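The following pair of complexes shares a single chain, chain A, combined with chain B in the former and chain C in the latter.
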Partner chain A sequence: MNKALNIVAVTACSTGIAQTYMAADVLEHCARAKGHTIKVETQGALGVLNPITLSDLSSADLAILTNDVAIDDVDRFHQLKTITVSIDDILTTPQDILDGLLQP
Partner chain B sequence: MTNQITFEFSFPLPNGLHARPANAITEVVKTLGCRVSITNLRNQKVADASSVLSMIACDIALHDQCLFSIDSFPEQETASSAEQLLKQFLEGDFIHCDDALPELNTDQKPLPYMLRQETMNSLPGTAVSSGMAKGKAVHLGEPELALNPENIEIGAIDVETARFEEARQHLLAVMEHQAEQSSGEEQAIIKAHMALLCDQELISQLHSQLSSGESILNSVLTTQSYYSELLATSKNTYLRERVLDIRDVCSRLICEVYGAESFRTSDTTLTEDSICIAAHLAPSQFLALDRQQLKGLILESGGSTSHTVILARSFGIPVLAGVEQAGSHVPAGTACILDANHNLLIVDPSTAVARYYQLENLKQDRLAIKRQRFLGEKASTQDGQTIEVAANIASAEEATTAFNNGAEAIGLFRTEMLYMDRSQAPFEDEQVDIYRRALEAAGDRPVIIRTMDIGGDKPVDYFNIGTEENPFLGYRAVRIYPEYLDYFKTQLRAILRAANYGQCKIMIPMVATVAEAKWLRKTFNEVIESLHEEQITHNSNVPLGMMLEVPSCAFVIDQLARYMDFFSIGSNDLTQYFLAADRGNAYVENLYDSLNPAFLRQLKHIIDEVHKAGSWVGMCGEFAGDPIHMPLLIGLGLDEISLGSPRIPEVKEAISTLNADNCKSLLCEALTLETADDVRTLLMRNRQNSSANLPILTLDTILFDAECHSKAEVIKTLIDNLQINERLIDSAGAETAIWDREDISPTMLGFGIAIPHCKSDTIGANTISIMKLKEPVLWNEDDDVLTDTVFMLTVRASDAGNTHMKIFAQLARRIMRDEFRHTLATCQSQQELMAYISQELEL
Partner chain C sequence: MNAFVNNFHQINPHIDHFLQSTHCQKVWFASHTDTYPENAFLVKFSRIIYVLEGEYRTMIGYQGEHTNIVAKKGEIIFIPSQTWDLPDWHTDCRALTVLFGHYQVGMSLTHSTIDGDKDGKISVNKATINEPLQHEGFYLEKILNDLAISQRPGTAAKCVAEGLLRYCREKTEALIEPAQSATHHKWRAITLYLQKNFGPGITRETVALEYNISPNHLSRLFREEGGLGFNEYLTLVRIDRVKMLLSQYQMSMADIAIRTGFKDCSYLGRVFRRHTGMTLGEYRASYGS
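What follows is the complex of A and B.
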């Protein structure tokens, strides 16, 4: 039986114009389809949008972080189970990433 | 028994041992009185150092280790002194016998991405007439033997031998004369050819052929092919190319014996789109070509001032000059592309290269159509300030082309060409005819004829002006007029006589003092007076003006204006005299910069002074030919600018986007800056800001049913479209920025969608471009996913965080949604697509 997770995520890409926001959209859409709760912070050309707060962190089960470019303030997630993925993987095989979350 | 001294020597010349340095060695060896041989230790070939051909056959290349052996008879004490002399020469002057092959012109523009990706067989040259052309290679003037070696008449052996020797001696005398008449490289080559003609091996080879009863023709041909084959096997490209020297000398020998008709020049009837290749081409030969078929011209010789080049320019035929060995590298009938923008002749282009030029042509056509409205219109800013946009020409023939390009006048008709390449000055009537043709082509539009600028770097034989150490500061232009007064008066008379046929003005180059201006006015009046006395029809109401190119004039404009009716700033010379920097000197060319604020302050001063004096001032020179500079030139309040005619539509378009008041404030700001680079940045920023307010998505940025065959074509097409719509600051830079992003990882999304994007200084207006392809293309070579829809996002570097960025982010999110993509796929027109996306993104 699938467990509903409380996920936080950060997306960022090299130019910060397109893929940051695409990946955020895909994660939100797919996670919710599976019954999870998700909050995605974007670090792109618009700066930091939808920032993850301390209370988001305290209630989260795990974090998904993109690894295309360095993420600002990554220390926040040290206490949390963290999954690092590339933007391309999010855009092309988002289901695999979400299915992987439930593996022990 | 002989004494032998040997020494080794590493060969120092970059092009190997070819005819010219070999000739120098024989000259030295002659003086030694010893037999000298050279062994190339790399291939063990041995040469007699008194024979040029023998040495060439040794195939000595740069850094080859060579063994020099000097033999002398024991009773002679010469060997050791010979060794000394020879070493002295080899280690001293020898290195100057030859120069490295000319390097690729470093000024060449970087190639666009599509061409960089392709392996191209191309030859560099210098564009002397702009444009692009495609056609089959046609060789002009390549001699073809008209004699039949099978049935040539043969005399008795001694008769043939004597006849050959007579011909050889006569040819030597002719070459000697040519060498005296020439200088520099040309002279060195003639001397090298003379050495070939005196080469002992060559002569004995020929004589042995003759003594076996062969005809002179056959003897020469056999000897020619023997040495040609020998050289053709050389590992050194330069030596291989010396085959042409042998062929040249042998052909001349044959003509000497059997007459000039021994060779047919090739048939020059063009039957299809052609790119003609010639060593050099006489104007008459050029004019004989069918201009319907002649698309481009390649000249092996350099020089941009020949009459042929000027004619080609006037007919709008692109020309590359100085394309070395084009004749031997490009077989007749090969498909070629001449690209004068990138100074390249591309031989046998691949499909992708040909496609690039097809797309480039398409872009040029679209730009031309877009700028067509400026052809018949006077240049004017948005708020109605006008500036006359005129053309520079160097021959009457070019006037018509200039007006077809939208010129409002001729701002500079250079006349020195009329005096060059001939043995005496043009007669008065001849000149009247030339000026008249230009004036008639102009109708009621003004033509400024500049009197001859001769001397200094533009020498003309019959003006006996010697060479000067510093020609730019020397005896040239107006400064020689008092000495060559007859020539000057003849020219003034001719212009005044022609002036009845149009709106003519006369302009004098290089005036530096008020005294010169006074003298000019006085002489001008004398000429009018004499025409009047002789009752010769003329127009005495011709304005007399001067070039402003010597900085001293800037401070006496009020006085100059007493004698001169108008002024034109020669920005090239004024810049170099003002900043004391020769623009041809690579060490100081960074100083030669017309955007230097000091120079701009000088311009401001000059133009204000001229207007204060109630006079008129234009500018002819490169500074006036760049659309980027228009805000400054408008701000300065110039009455006219004159430039090369191909850029006139572009310059008029640039002016039409400006606001005169803004230009004045921009100029004021530029005058307070400290460096030329600061001014450049200011202009760039100004340009970015002027396009910043365009809407992010318009019908013009949506391309439907596009026919592109590759990802590279898609990107070029989209970038070209942005350029046409004036949304880019630097289109090549924008294309590179897009590719830089693609190189990190291809922006293929799946669902048949790709989203190339960049954030860059090269972008003028934030833009969403959308392309729907007729046939899908492969976006990523590593997989087989096809793309048929492309969203290209081009973002200004400075605009992070603004409203446009939100639109881009919103679009990115939308693209990930099924219903958005589905609706997108069903849109049947640009309008439908535009409406849907505008609604989704709340534009």
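What follows is the complex of A and C.
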């Protein structure tokens, strides 16, 4: 019994050079493959790209946030069920993260 | 909402010191390899790393092989889009990575130190220039990409890489200056539009209509802001795309001509030759994968 989720996510890594963007691609790819919709904001050296808006938040079921460095404006997500993961987890075992979302 | 802090005041003194005291010594070009390490950094935009102090250790595809390299102070590593690297931060090093995004240029100044700790220690300052490479910066990055593909980097690469850093440094200054004029913003918006919309049917008239200005006004905007006519700019964008398609895809010349907005293959051939001094076939033979 699969439920399609509406996910928002923010990725950020310490150097902001590459993993931020790779993790965003991986999340988008894996979430869509499972039938979820997802929007990923990146906070890297290119600044804040694809920002999560208030209307994104209001329609989201849950948020995935990385915890390698402090996320900018994290208060936005306080009302949402939030899953915190490391960039490495996203890059190495993205399926586990997405499978875990449907657990109670 | 965006509280992202631009740390130009932290980064710029290091760039200035580097540009004043050091000449670029060598440019390493990362090359494509069929396989790459599991943790490799691989992104859709190109990056360049300037080693400001110490030694930067990383693994890249170099002449087709996975190679550990040690880039010393004054050396530079250029990593084209879709090419990987795998830095090892366990070293005393201050390095500046510049990221060339589609709409932004990013900077990340990393300072790593050898440390008993397994993860080493690294401090980072980031800053963003909220516009893509333009003018000379746009061309300098193209040259580095071409040099990377040709794998025949000469001494010119050092000058180009240094020029690109100077360009980016000046851009950070411009951010502190008063905002640029409305005409400049309009020109910029149109060049971005053209970089996505260059196919058949795109003409001076259709673009003018899209931006609700007269065709003559559009031409004037390009001459005054870009120093390059509208058609010249559009042709450059198209030729650039042709080069990419020739080198990375097995598409027929006729298909390439259609996709890039040239009326047919022979016309494309003539324009291409005028711009590059090569025929389409010669270019594909030299740079094709």
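Going forward, the second predicted complex is superposed on the first by the 104 of 104 C-alpha atoms of A that agree within 3 Å, B and C clash if a C-alpha of one lies under 4 Å from a C-alpha of the other, contacts with A are read in each partner's own complex, and residues count from 1 in each chain.
Here is the rule we go by: contacts are C-beta pairs under 8 Å (C-beta built on N, C-alpha and C of every residue); 3 or more make two chains touch, one makes a residue touch a chain.
Computed from a predicted structure; not experimentally measured.
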**Message:** Quick one: is A:A18 in contact with chain B, with chain C, with both, or with neither? Answer first, second, both or neither.
**Reply:** both
**Asked** In the superposed arrangement, which partner chain does A:Q43 touch: chain B (first), chain C (second), both, or neither?
**Response** second
**chain B versus chain C as contact partner of A:D96, first or second or both or neither** = neither
**Asked** Where does A:V26 make contact in the superposed view: on chain B (first), on chain C (second), on both, or on neither?
**Response** first
**Prompt:** Between chain B and chain C, which residues of chain A are contacted by each of them?
**Reply:** 14-19, 21-22, 25, 44-47, 49, 91-92
**Fill in**
chain A contacts chain B in the complex at 14-22, 24-26, 29, 42, 44-47, 49, 88, 91-92
**Request:** Could you pull out which chain B residues touch chain A in their complex?
**Result:** 741, 744-745, 747, 749-750, 755, 757-759, 793, 795, 800-801, 805-806, 808-813, 815-817
**Complete:** Residue positions on chain A within touch of chain C in the complex are 14-19, 21-22, 25, 43-49, 51, 72-73, 76, 91-92
**Residues of chain C touching chain A in the complex** = 1-4, 38-39, 41-45, 47, 97, 99, 101, 104-108, 110, 122, 124, 126-128, 130
